[in-house]
Amino acid sequence: MNWNLPEWFVVTLARTISDREVVFHGFGSPCAQVAMHVARRTHAPNMLLIEGAMYAVNPAPPFVPPTSNDQALKYGAAYSMRFEEFFDAACRGEVDRMFLSGGQIDPYGNTNVTAIGPMNRPKVKLGGGGGGCNISATIRHLTLWTTRHRSGRTLVQECDFITDVGHRTPAGSRVDLGYTGGGPAHLVTELGVFDYGDVGRARLVQIFPDVTLDEVERSTGFELQVSPDLGTVPEPTEEELEIVRAVDPLAVHASEFDPSELDRTFTSEPAIA
Amino acid sequence: MNWNLPEWFVVTLARTISDREVVFHGFGSPCAQVAMHVARRTHAPNMLLIEGAMYAVNPAPPFVPPTSNDQALKYGAAYSMRFEEFFDAACRGEVDRMFLSGGQIDPYGNTNVTAIGPMNRPKVKLGGGGGGCNISATIRHLTLWTTRHRSGRTLVQECDFITDVGHRTPAGSRVDLGYTGGGPAHLVTELGVFDYGDVGRARLVQIFPDVTLDEVERSTGFELQVSPDLGTVPEPTEEELEIVRAVDPLAVHASEFDPSELDRTFTSEPAIA
Amino acid sequence: MFVDHDKVGDLPSAAARVSDGDMVALGGGLSARLPMALVRELVRLGRQDLHLVGSAHGMDVDLLVAAGAVAVCEESYVGFEQDLGLAPSYRRAAEAGQLEIRETCCVTILTQLRAAQMGLPFLPVRGVKGTDIRRMHPDYAEIVCPFTGETLVAVPPLEPDVALIHAPMGDRVGNLHLEQPYVLDEHFARAARQVVATVDRLATTEEVVATGVTIPGHRVSVVVEVPFGAHPTSCYPGYAYDRQHLAAYVAAAGQAQTAQDYLAEWVTRPGGEDAYRAALDQDRLDRLMSWSDTIEEWKELFV
Amino acid sequence: MFVDHDKVGDLPSAAARVSDGDMVALGGGLSARLPMALVRELVRLGRQDLHLVGSAHGMDVDLLVAAGAVAVCEESYVGFEQDLGLAPSYRRAAEAGQLEIRETCCVTILTQLRAAQMGLPFLPVRGVKGTDIRRMHPDYAEIVCPFTGETLVAVPPLEPDVALIHAPMGDRVGNLHLEQPYVLDEHFARAARQVVATVDRLATTEEVVATGVTIPGHRVSVVVEVPFGAHPTSCYPGYAYDRQHLAAYVAAAGQAQTAQDYLAEWVTRPGGEDAYRAALDQDRLDRLMSWSDTIEEWKELFV
């Protein structure tokens, strides 16, 4: 059995979803998008999958197109929510999990998708946050991810701009702010997996086997905290890999990675039946 | 040409509508309902007719049923508004005219459709106001009507309960209350027609020819003010009468009247061509 | 949200999801698409102290009041329009001081449901100030707009424990097709803790999707097939309302004793909802279903 | 509301309903159903100082920015997703400080549109507090819930002067059929002072009604038939998006000079929108329209 890093990454994201959860991804997030379909076809058959940008409920897309607002993504759905129907539910706390990424992510899980550098003359004007700013406050759990940990510029001590809220911002904690959602539960990167412990601060809990702790440390712009139970990211199953490939025949999810990451391939012995 | 009082009443209501107005009637209001269709088929071909309870836009019902929430009333409509779509437009001031009635109506055009007597132990619990309470504040013009003026209990000095707002309530004027609608423009009764002059108080401007001023005065529970230009209610045209009968073949509008009013019939000489 | 794939249940256990004292939203409006089978089943179950919410209703509220099931009534209107007049049991209970009337208004109740569905602790409305509806509601408050300084009325969220919704058609997942007007049903479905649904006919998901899903299955906790579940009110495209039956009900409800006779004859008799349906005149039902044959036949139903 | 029975107009006069400095809402989202023909016409008319509002957009905003038509951009996102990346002209203008970025968020803009359509001077939102989006917006305020004491963010109504909406089909009255997702188009249509619409095809009212009216004619001030009016974005069920054209645009827009070359070649060349359409590869258009023939062919469009 062979697989590459992007496939493993998607499977790792999928495993942050529990069965019977109501789950949403934002647009322009093919890794999360594919992960949701993988989860629904494996360990979470009763999840309610809300396709980002289409707001289609439990669709069965024949392929994942490279744009999030395409009819392929509502294929087979009995129902598509209206815009307000989804966002109202998210604000009311009826959405259990959302996937969020960021050009910058701080130790508390605040994310910046607005601008690098000062806002009046940014060094890089990023695309913007879509719906995350409001609903990161109220959705029950957030799974954060980035495919650019290795750049050293993504996990930072302080975001230049906070677009979406993590566990605490300079204005206070979620409790201080009156926010009903639980904040980030996991951060998955191309180097490993973080949780947020009891105190709402990123802590490395798993690492990919081809990555060293030193590499992670060098790539992380804030002080790296490591779980005493640090382990290796569990391998994908054959079923999961098949489903990743079936869901995303165009491998759109791979477009999130620096091309060098695609060369990271892995092999395991087939289990003897 | 012969007609009866209910038909004339409907035509008189219809004539309070101007062309190109957006007009709405509440449920349980067959006189207003028929009047709107008469207006649209005669002098107001470009009005936007919103059928009460169905929120159907410009329907062509084959008949008026005795209930306001029936599919006959959206027959031929290209579009029916959602509940919130109508009420939002009404609150925003995009509806030009609404027809409102009341079990009690005071000189300022406040109406009571909630209860006669004290609210904790009413003498008569009326049905309730539907949507009038909010949107009487914001709709541009109101046409009030009652078919029970003669009872002496309908036009009163003070409503036992104010459900819908007229020109001023004990809490202040429309301006004081911040209300953007213009309030009642006309009150049509089975005895005559009132306007609200410059000061927002009912003033008799027309009288039906079989009614004396003394009858109106005896039937009115507040001091009757009469316009110096008091006239007779203009007669319906043959076209208008034909349309009343075509729109409402079951004569549902007549159910609003005390049976004795149905005996009031009128005749005019046909105009010589 | 309700993620199960099969939510089909039976009427008694569906209605039993309503507990004594619950806030219950009633779908439909006036004499159209009222959840009458569920209402009758609540009477059979002897539910009481209910807090009813809705916009403009009729026989559903009146029957529950007649059965002594209602403590609070928060509707914008209860009655039978010009045609059949005031709601007799509702009126009698209100006039006897046996019913707490929290009369409301369409925009207010819509706004309160919106607050619930948006997860907000209040929303503002214009209007209501200066009326006695405002004085009747200590649960409302005042709020000053931070931009304009205007004082508006603030209303709290209204989150019904259960919304009872009848639809002409639905599937086993609880996807419901409704014909317009939807009245407040979509909002009830989004604001309530759960939706208990009846449908005249269970259909395949494909058929419901082709006709149009108005309320999605993920908002529905249970769905029950009950033919003529809205009778004697209408449920288009299936059937027009049964004006004769409604008129007979209104006449019976005019006196407390004859109201109880109606309940005994039509609602609480042995056999439950099946017995109700069996007791109806089949020719009459056939006529109500054939409303679309000709305009003339349709019109005749209202004479 | 717009009560005229025939609202068909031509593209230049329809686009001319947008004045310099107007707040303009853009329908559709990302690379789907963007009102591209109207956007191109605004460029041809030389409109400037526009205040754009929308949720997540792409080439519509970028092209208007490239043409120097935009003063303020109040969107939740502008870009081409993972696939084609950041929006080049938008990014360049923002980084040069030539564009006022009032970045917003889906719920906030929805709430502001709701305030406009409900005729309210403010509405509250949860969220935003604690973010730099809040700091960027002195136009927001704080409000304390009179029931719970919670401090929320109050946002003012957003009432666009014009909403530009493209639909696959509409009638002469302006009734528009859209496929889901409607994104904010329904809200734009209710909140804006007027809707200027283009349709790929004018149809009879009967056909639009049978397919489903999403935006009613009484909200639309003018409707223009413009085949491929959303190109190079998609307009289902008519056509998928033209990824090749979009990629070529993004490449061209990467430098200020080549962005101007794109405008000269595709937008401002003589002949207006007809010339744009005539310059497109007909075989490519045929393929975009045949997306529904087989899954395989559909998929190939995205390669």
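For reference, chains read A, B, C and D in written order, and residue numbers begin at 1 within each chain.
Going forward, contacts are C-beta pairs under 8 Å (C-beta built on N, C-alpha and C of every residue); 3 or more make two chains touch, one makes a residue touch a chain.
A quick note: this is a predicted structure, and the numbers were derived from the prediction, not measured.
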Task: B-D compared against A-D, more contacting pairs - done: A-D
TODO: Round to the nearest whole Å and give the separation of the Cα centres of chain C and chain D.
DONE: 40
Task: chain A and chain C: spacing of chain centres that average the CA atoms, whole Å - done: 42
- [ ] Take the average of all CA coordinates in chain A, do the same for chain D, and state the distance between these two points in whole angstrom.
- [x] 28
Open item on the list: Among all residues of chain A, which ones touch two or more of the remaining chains?
Closed with: 91, 138, 180
- [ ] Specify, in ascending order, the residues of chain D that touch 2 or more different other chains.
- [x] 119-120, 125-126, 150, 152
Open item on the list: Chains as vertices, touching pairs as edges: which of line, ring, star, complete or other describes this one?
Closed with: other
Task: Interchain contacts (touch definition) - all pairs - done: A-C, A-D, B-C, B-D, C-D
Task: chain C residues touching chain D - in the complex, by the definition given at the top - done: 119-126, 141-143, 145-148, 150, 152, 154, 156
Task: Residue numbers on chain A that touch chain C, as the complex places them - done: 20, 22, 46-48, 57, 78-79, 81, 85, 88-89, 91-94, 138, 180
Task: Contact set on chain C toward chain A in their complex - done: 1, 3-5, 116-120, 171, 173, 175, 190, 205, 208-209, 213, 216-218
Open item on the list: Which residues of chain C touch chain B once you look at their complex with the stated criterion?
Closed with: 29-32, 55-56, 75-79, 81-83, 86-87, 90-91, 94-97, 101, 103, 105-108, 110, 114, 125-133, 136, 150-152, 179-184, 186-187, 234, 236-237, 240-241, 243, 295, 298-299, 302-303
TODO: Would you pull the chain A residues touching chain D in the complex into a rising list?
DONE: 27-30, 53-56, 62-63, 65-72, 74, 80, 82-84, 87, 90-91, 114-115, 119-138, 161-165, 169-172, 177-180, 249-250, 252, 255-256
